[in-house]
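After this come two complexes, each holding chain A, first together with chain B and then together with chain C.
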Partner chain A sequence: MAQVRLPEWMNGTKGPARTTGLMRPRRGFLEKNIEGVSFLVREMVAPRVRSPHKGLLQSIDQRARVGGTLLLVLSGAFMKEIGPLAGLLVLTLVLALLSSVSFSALFKRVLPALVLAAVVAVPLFFDLIGGQASDGGTAGVEVLGYRVVFTVERLGTAGLLMTRVAAMVTPVAVLLLSTRESDLFKGLQGLPVPSFFVTALFMTFRYVFVLLKVVEDTSLSRRARTIDPSRLGDAQRWFASRAGLLVERSLRSSREVAMAMSSRGFTGRIRTLKPNGLKARDYLWIGFVSFVFFISIGL
Partner chain B sequence: MHIPDGYLSPKTCGVLFAAMVPVWYLALRRVERTLDVERLPFLAFSAAFVFVMMMFNFPLPGGTTGHVAGGALAAIVLGPWAGVVAMSLALFLQAILFGDGGVTAFGANSFNMAFVMSFTGYYVYRTLNRGRDGTRWLWAASFAAGYASVNLAALAAAVELGLQPSIAQSTTGAPLYAPYPLSVTVPAVLVPHLLFFGPVEGVATALVVSFLARTNADLLYRPAEAAPRPMWAVVVVMALLTPLGLLASGTAWGEWSVDELHTIAGFIPEGMARLEGWWEGLMPGYTVSGMGPSLSYIVSAFIGSAAVVAGIYLVGKVWHR
Partner chain C sequence: MKGEEVYRLEGVSFSYGEVPALRDVDLRIGAGDNIVVVGANGTGKSTFLKILDGLYQPSEGTVSFYGRRLNGSADSKAFRERVGLVFQEPDVQLFCPTVFEELCFGPLQLGLEEDEVRARVEDVLSMLGLTSLRDRAPYSLSAGEKKKVAIASVLTQNPDVLLLDEPTTGLDPRTQVWLMGLLYEFKRAGKTCVVATHDLGLAEDVADRVMVLDESHRIVADGRPVDILYDKELLLGANLIHEHVHRHGKMVHAHSHGPNALHDEHG
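The block that comes next holds the complex of A and B.
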């Protein structure tokens, strides 16, 4: 009986991962990355699929809702002090409460922007940022060889940045958590945004998932054929080939979709149904957010 | 490089949005003309491609990763104008649905990543690759396109952020938006891009373009040989120069008050002197006679919002007729 000769690398103890039924195959960086991105995109969309039907914002017309939210964001941009910005934030949180938006979901959405703002604000307290001696920051503590100074001015600047970011990011997060994508795109169509752009945007949103599925499938097939996922050159070549594949699929799919659209009578002109008229509560909402906006210009 | 909400003043956001309007208009016109009926799914798929590319990290030595912005790649594959539209669509989607980049900063982000990146990447690639064959030149041109485009876009973002303390301050002189001056933002943003993100963008762009050239070179954009129209160049240069207005102090040219005009010209034209103050508005300076300043301001805001509601109501009625 002929003896089976195993390849040299399979005898090594430090070599590639063994993919037996008892051990989970080791996932390379690319697989983790792709799974992470797909999970993130789906997680971002999932809350809106499950978004509550009833609530204050849900009862308002999509156009008024989207336009009003943008006015609230703009109000945050115009305000100049922490107090009014905190007031705007509280107002947005009350809106979230009245719209049955989950506070934990809202916090998860706003947190990354707050963390980034905090990271940006931290160097304000270090004296490596020059030109701040005039604010009375002569005392301080030494941290890693740098002097850290806390003064009212520096705390105020950092607080203003963080409050502004929170006040401007939260209205958009509340809108997203209380509005389905279809309503969101309908709302955008009511604003002075070209319908061509909104339709392209909606199609882009759908195609992102199509392309993500392509990447996931190719990642799965690579995983099924890979024994050693740790080689950098292979990973880079694979990245390039998948990006190339995405280009190819994108262009091929766009031609197929265009042919399908042409065969159904699409001539390049987008026609949309006339939306329903606004109701009294929509006008009330627009009046309210306009009032907040005009007030914010002087605050 | 995505600037979030709260870091740029409304003035900066407005200026950069205004700078992008002619670029979007020209880009849509150009794409519409060259692609006809196919343009919609083509643009949507291109934007989806850019979106997906921006989300994936690129493997680097030492187990680290880098993020690809994809502007140069989109421009090399789709052409610079379609690249602008695709990048803008992807950026809008990221801002509105995923909170990546601000809604108010959409104009600024589009200026940096859709406009500056696409055009820099495309023209660096074309200039270096023109009339040369061979994979080495292609690789080098794509690498340079990715490297240069991401660094120029980063420089634009750094300048926008660094200008904020000088153009938007509180009464005490404290910065109202991004708090660091140019001397801090430019090195803080540019050094990591020159040393790390630039090479990542360059290598990723070069790998993908080389792969496409090897497997299906027809997918790479080839411009129709036509003489460049000077008007477009003027519009592009104007759009690029528009943000310089942020540095200017004083009122806009020609919008002087009579006193300012007297200081500049040394006299006041008779007609202007006669008409000055003829119409001061319903509530000049947001004041209502007989009311305190705070109450006057609230009443002004109330009247303004009532005017907005009335305007929308009237527009709605006309639209439904």
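The block that comes next holds the complex of A and C.
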């Protein structure tokens, strides 16, 4: 058997460490961003894997639940005034309450969308052209050399944008928090959409998380061997090389998945089981959200 | 029918671009054969199974299935009904939202009636003790459960030829024993099994015939388990066992390591 010889510098040990505890590696700019984005994706879009608590929405067929949520989102898109949008938001919060959805979990899912909407809304208050505000606003206050002007119209526009985003994102968040992932895709299969698109969506969704796990593990393994956060340039070079690896792995996975599907008889057209029929409460729910949708067109 | 020729491979070679994966493979596989292909990592075992499943076309040579040459016909319903491949990595094989749908996928694509599909899936879930997992998302399962579901998803197609790629990798000892029991049952049912593994213990337990792929990507031995698995030089050459040297005081003791290790060398 081939003998392994350790190099001279590897012989012996360093002895006991003089520190009082384990050093916690500091996270660099890149690690913080990778972990942050990964956390955000999971928090915002990942539905439940296991059964959520019982409640109103959970008692409704998945297809009716997904279709109803779609109608609530469309209602939010059609409404033109803050009042009806706020009403829709309250209705959604009542649904969340009746479906045992935790408000803190709901807030965490809606918050990123509100932050993004705020990024769009805030510039409304800056008068970048200078001089007297065209809408007759007050002289305003100086912030970072720019004049910030508050008027009823500007506040109304920003408020409408924020309320619309909240009213449209909250039903989706309630659906994700009250529905198991498997039920969510079953619900989508029930909609009048070709099953191929739903399967493609599911597979994209599933493998995004597989790849996300690879990115997280890569970032952790780098942190495990790092004491000081590296310079941004080095971190960017490392990230570019890992992105290449990720593309290669995703291509390999997609080839393997395609082969696994072919091996089980897939020839381009996916056949699925026919879903069971809807019950009276499912029709009642669809009738209710359809009513909300139709009145929203005039509001 | 037992003994009827299922596969015939003549001069089969395969390469990934410039990198060879399999070279000059000639063999016949009869109905009801239980074959274990052993080889170290990277010797071409997975490629070999994918060629048998019609997923790869050989770069050279021909593959025949029941006397008919396999080319584009590998996607035919008749072929897919008869051959099932369990991939090494269950994550690529499990792509449906629930375990139940995963098991329905194969038979539905093959055009079976829904009632028959549901009945088959219930039988397989019950046979493999997976009923409690039927509504779970496959990716949320443990490694052993995923492997069982991957096997179950192929069994619902009721293939005559079952190809298994490294079936014991990542399995706990209890699930490994369960797998051996399953392979015995297939044997009893007259199915043809081709298992690719580097687990010599599995080969000894389930094989009627063992083939060795070495690092030159060629089949260097094909015969009875008793002739192959105790041929120390052959196994050492194929990197399937290794020699181990340790000391008892001043005496140096050398022997091979592996399930069929021979304590025959002392120095």
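Of note:
Assume the second predicted complex is superposed on the first by the 207 of 299 C-alpha atoms of A that agree within 3 Å, B and C clash if a C-alpha of one lies under 4 Å from a C-alpha of the other, contacts with A are read in each partner's own complex, and residues count from 1 in each chain.
Operating definition for what follows: a contact is a pair of C-beta atoms (placed from the backbone, for glycine too) under 8 Å apart; a residue touches a chain by one contact, two chains touch by 3 or more.
This one's a predicted model, so the numbers in the text were calculated from it and none came from an experiment.
Following the overlay on chain A, a side-by-side fit with no clash is recorded for the pair chain B and chain C. When both complexes are overlaid on chain A, the residue A:203 reaches chain B and chain C alike.
By the touch criterion defined above, A:261 reaches both chain B and chain C.
When the two complexes are overlaid on their common chain A, residue A:235 makes contact with chain B while staying clear of chain C.
When both complexes are overlaid on chain A, the residue A:253 reaches chain B and chain C alike. Partner contacting the larger number of chain A residues, of chain B and chain C: B. Of the two partner chains placed around the shared chain by superposition, chain C is the only one that A:182 touches, whereas chain B remains out of contact. Shared-chain residue A:104: touches no atom of chain B or chain C.
After superposing the two complexes on their shared chain, the closest approach between C-alpha atoms of chain B and chain C is 8 Å. Once both structures are placed on chain A, chain A residues 181, 184, 199, 203, 206, 210, 253, 257, 261-262, 266-267, 270, 274 are touched by chain B and, in the other complex, by chain C.
On the side of chain A, the complex with chain C involves touching residues 1, 49-50, 180-182, 184-186, 199, 202-203, 206, 209-210, 253, 256-257, 259-267, 270-274.
Across the interface of their complex, chain A is touched by residues 4-7, 9-10, 13, 28, 36-49, 51-53, 55-61, 63, 65, 73, 77, 85, 89-90, 92-93, 96-99, 102-104, 170, 172, 174-181, 183-184, 203-204, 207-208, 210-212, 215-216, 219, 286, 297-298, 300-302, 304-306, 308-309, 312-313, 316, 319-320 of chain B. Of all residues in chain C, those touching chain A in their complex are 50, 53, 55, 75, 77, 80-81, 84-85, 87, 89, 91-93, 95-98, 101, 104-106, 108-111, 114, 117-118, 135-137, 139-140, 153-154, 157, 242-245, 254. Those residues of chain A whose C-beta lies close enough to touch chain B in the complex are 29-30, 33-34, 37, 40-41, 44-45, 70, 73-74, 76-78, 80-81, 109, 112-113, 116-117, 120-121, 123-124, 129-131, 153, 156-158, 160-161, 164-165, 167-169, 172-173, 176, 181, 184, 188, 194, 196-197, 199-201, 203-208, 210-212, 215, 232, 235-237, 239-241, 243-244, 246-248, 250-251, 253-255, 257-258, 261-262, 266-268, 270, 274, 277-278, 283, 286-288, 290-291, 293-295, 298.
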